[in-house]
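All chains are identified by letter, namely A, B, C and D, in their written order; residue positions are counted from 1 within each chain.
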Amino acid sequence: MKHEVDLKNFSLHTDLLIDEVENIEEDIITKENRKINNVEIDVIKVKEDNLVKRKGTYTTISFEDITDFKNFNIVEKIFIDELNKIINEQNLNKDYKVLVIGLGNRNSTPDSLGVKVCDNILVTRHIDRLDNLGEDYHSVAAFTPNVMGNTGLDAQDIIKGILTETKFDLLIIVDALASSKIERVNKTIQLTDTGIYPGSGVGNHRKEISKNTMEIPVIAIGVPTVVDAVTIVSDTINLLIKKIEYLKNNNPKEKLKAKDKINYLKEERVNISNEEKNHLLGLIGELNDQELKSFISEILTPIGYNMMVTPKEIDFIIEKLSLLISKGINKSIHNLKDKI
Amino acid sequence: MKHEVDLKNFSLHTDLLIDEVENIEEDIITKENRKINNVEIDVIKVKEDNLVKRKGTYTTISFEDITDFKNFNIVEKIFIDELNKIINEQNLNKDYKVLVIGLGNRNSTPDSLGVKVCDNILVTRHIDRLDNLGEDYHSVAAFTPNVMGNTGLDAQDIIKGILTETKFDLLIIVDALASSKIERVNKTIQLTDTGIYPGSGVGNHRKEISKNTMEIPVIAIGVPTVVDAVTIVSDTINLLIKKIEYLKNNNPKEKLKAKDKINYLKEERVNISNEEKNHLLGLIGELNDQELKSFISEILTPIGYNMMVTPKEIDFIIEKLSLLISKGINKSIHNLKDKI
Amino acid sequence: MKHEVDLKNFSLHTDLLIDEVENIEEDIITKENRKINNVEIDVIKVKEDNLVKRKGTYTTISFEDITDFKNFNIVEKIFIDELNKIINEQNLNKDYKVLVIGLGNRNSTPDSLGVKVCDNILVTRHIDRLDNLGEDYHSVAAFTPNVMGNTGLDAQDIIKGILTETKFDLLIIVDALASSKIERVNKTIQLTDTGIYPGSGVGNHRKEISKNTMEIPVIAIGVPTVVDAVTIVSDTINLLIKKIEYLKNNNPKEKLKAKDKINYLKEERVNISNEEKNHLLGLIGELNDQELKSFISEILTPIGYNMMVTPKEIDFIIEKLSLLISKGINKSIHNLKDKI
Amino acid sequence: MKHEVDLKNFSLHTDLLIDEVENIEEDIITKENRKINNVEIDVIKVKEDNLVKRKGTYTTISFEDITDFKNFNIVEKIFIDELNKIINEQNLNKDYKVLVIGLGNRNSTPDSLGVKVCDNILVTRHIDRLDNLGEDYHSVAAFTPNVMGNTGLDAQDIIKGILTETKFDLLIIVDALASSKIERVNKTIQLTDTGIYPGSGVGNHRKEISKNTMEIPVIAIGVPTVVDAVTIVSDTINLLIKKIEYLKNNNPKEKLKAKDKINYLKEERVNISNEEKNHLLGLIGELNDQELKSFISEILTPIGYNMMVTPKEIDFIIEKLSLLISKGINKSIHNLKDKI
């Protein structure tokens, strides 16, 4: 009986700014892009609240397969650096106290990221109260409010309740997200100091977890772990254009490479005309991105085929991602050096 | 690093009244004892606060192996009856709202009872807010605050915090206990409306979870799942006396029975004298219960041998006990009849 | 280090006949189709080995959301009936002995179906050896060989090894499959007495688990739990045609219904011409099914986007599916009547 | 229904030689004892089969709390050294192939040691078949046969079956044991090349897992994780004597130390006479070890109080022990140096 309820209440919360940034007027953002060993870092600062996103810093780290040992180590280092930067921007006291919140559902693999991060947070608050922790450690607590389908309670109410009973200076929230691009699934970490705004934010003020509602700085760490079928199809149609553009480019050196090993996204391409698109894809080729997604949604949704999906290796990936984020948080907050 | 902390913070909270009742003055308690199919039910009402226990009702259900299918069903039925009686004594409104709290640690089998009960509570509060649940259901939420070693937070603070943000009329708390008798381990359920008083209660007021601190009625459901080595040894020495008393009794009919199949606790015995005790057990035989326990503790504790232990089948037993209690709570609160 | 290996060795084994049946010459198969309460049952008998599938019975049960309590019960009943029919066709002795094998990986949710079925099989072989089980029970053992990425061993070698040491009369193998249609994911159970042929069967004879290799009848029970991105895209393009065909049909009664609630697959449609297809979809519209899949694969595979995916609710669905199949096997083999 | 069966089939297999060595005639054994940082290493070689134990090497490593980080590292190093020595004594080919077997039950914490060790074994056999592993690696497979209560199958039959289908040169078996002394519970690892002899070995030849039955060398690694109540009581009575002996010793320096912090087992003691024992303990004081155990068993067993128990922190301890043993096996077999 319980699981029927669970299925209805399965919720993935926030979104990636990086995929919406083109919808924000240029003059209210600053952008910065770097690359370290194939890992891309985008830092976007939104200078004032707008229709798409709140004012604040959004850092996006984009990487390849995280179950690869080398990738893991590079991304971990970058994650620590970027988290440190955002923490430093919050102007906290030297001995700030942190509450780490892991949103999501332990019993649903793609939604369990936050819970599993909390399993490995180095918790010190209870020791701090007895003893002096020493200069290398901050006071840290970690908590998983679970999902409403399991508890009947809003995560937001529980967090707010804890903050009324105990004093903290910084909230770090970890959550699984829904992705709006295939390529980002399990391959992107977003850090932001704007907090979490569930749903489309339509007047749903009390569910917001942010400095506004919690009265202390809130840093949200999110990884997209699911994507919907509409996105898979629309991304594929866009990729089809790019593939054709690549094939039209006469690069004899490339032609020598094994045909299906080439990542055509990274190769030179020549643009194809609208006529060519129409020839190739008919009316479909004439739709813009938003129209294409709406159209595909109209096909899949009424018959129940617009599933949210996750890669079949999700168990192994969540294990690595949660380890990376928990180690990163521990090393950012405490001065662990060679201790772990 | 985390687990060293865990080991230190492993805590089993409350105690059984039934084992201390002899220490309470007779005139402030009433007792009632019934037996249904080998299951014993003791209802003790303490009329005023005293040194040992708080004023309130303590119901103890004592049974044999709960992994036996027949036992399970008998105990489940009795548990529902007794829980209903205690709920009815709280004078709640007809449409009372319940918060079920599962104390303890999911990662420690003998301390996971409360958490596993919550896994199976029929949660309705989030549905109630959208819809009318109908007359058969109450609004129920369920929550597991985890232990301080994992979170850095007091369970009591979290519960208090939730109650400041959301309104409930009744708190039901489920917890694993430490036993003071071998025979009670995994074979007793205690229900009480006095709440939970961790530790020896020495002025530790803010950790108390009771009507006093929570401002709504609190029903605590506890099962002893661990026992210490001191108890095992002192219980054995007391049993030795009883065994000798049984052997001294000349009951020829019994002598015919297979020697080691006889439960001598249930057979007639003749008392043995103090001289005989001393002959048998030396100075040990002259100690009273409390002296014996102190003496054994002095032997085991300094060398680290006074372990808290649990039967090796604890995983299977916790599974059954948590199922029994969760089904019992669901059927007591909601009118499920044949629906589950 | 282990998980990198795991990812490479994640394997889903067999396929559904029902989706390939059109590729088999008509004269070597018999088909039967029934419908009970929205659950469809297809029984296909292949009369002789052919390029696509082996000789034998293939029963496919197709249903909607299995986490729905009513659906669950209907499908369970049908599954028991169909499994009984296939068992009866094997001409076993009255006191036949069964080995149930759960293929797959406990640590990978979409591949854990077989393992979780085994967790709930009513195992009796060890009791049978001590006692007479009585007429209502058969001798049953259950075993999970795990996957090669975890063990370094072929599941097939382990099973063969067990059969050399212990005698059984029937092998029942449960496994998660890859689907070739979106609509089948977690919504189809296939039962077949032809066993399991991993990979494309290209001369990989020793990995086959069938009557040929095991020398006793082998019944395979499979549920598709994953699907690849290529299938999602090609199915969507085919659905697009059907949606257009539905929209072209002038059915005024339908037009009155809420636009996106209509399951247009179940409504009347008019065929659209090839010209219309081309107008709509360009060159894409001219491809046949196989060409379309190849084409999409060429787009997605080189850039690593042809993920195998599973619905995000997979944890809850596997729980229900494994419960259904284990209960069904228990009730088919033993005469449990009202005992469970 | 299943768990009732489980409880009956919960089985812990072998025993520690170290506790029985006094029962073996002196001239057929050699003993060696070393101590490294508070960790004790006893190597006993039994030169010929005898009533108590088989011919072979028995190495016992005794240590304190393994959840302590420092202890863990010291014991890990010693374990690797001792395992290497026993492997070297087997005269294997340079490119020997290993099968690691984890006995026990994943669902029962104190019996899950072997299973959890297998979860972390670096498995290479499936890679070896495709590629050359290189000089640093041996071909390793790992397997968990589960317990008869879950599978209906003898672990021994499954292992024998695997060995008929695939070739290995060495079997390493990991198992949880029952302890015959409180002090050894979770604080001793035994390594032996004599294999495993379940039960009292009374003619139960086919269940033996040894070089005799498996035809390749068998190294068994065992840790006692449970102890029975009889042992706890009889050990306590023996400790009582030692405590009195310590108290009788007039060592003024010791008297200055805090009373209950002294480990009196490690301090000087004076023997007390039999009269004193009798004065202290009555008839009980006159029993020898075996008589005392029998007597206590007669008290506890008929009333069902002779439970096998395990410390309440068993979940955390098994986690550490299984990690230590799996890392030790990996580093002993492969040449991992700094790779892990």
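The rule we apply is simple: a residue touches a chain if its C-beta (ideal position, glycine included) is under 8 Å from a C-beta of that chain, and two chains touch if they have at least 3 such contacts.
This structure is a prediction, so every number in the text was calculated from the model and none was measured.
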| item | value |
| --- | --- |
| Smallest number of contact steps required from subunit B to reach subunit D | 1 |
| Geometric centre distance via CA averages, subunit D-subunit A, whole Å | 47 |
| Averaged-CA centre spacing for the pair subunit D and subunit C, given as whole angstrom | 44 |
| Separation of subunit A from subunit C, taking each centre as the mean of its C-alpha atoms, in whole Å | 34 |
| Sequence positions of subunit B contacting 2 or more other chains | 1 |
| Interchain pairs in contact, sorted by label | A-B, A-C, B-D, C-D |
| Residues of subunit C touching subunit D in the complex | 1-2, 5, 9, 120, 122-127, 139-144, 146, 148-153, 157-158, 160-166, 340 |
| Footprint of subunit B on subunit D - complex, ascending | 1, 3-4, 6-7, 10, 12, 67-69, 107-111, 182-183, 185, 226, 229, 232-233, 235-236, 239-240, 243, 260-265, 278-285, 296, 298-303, 305, 307-316, 319-320 |
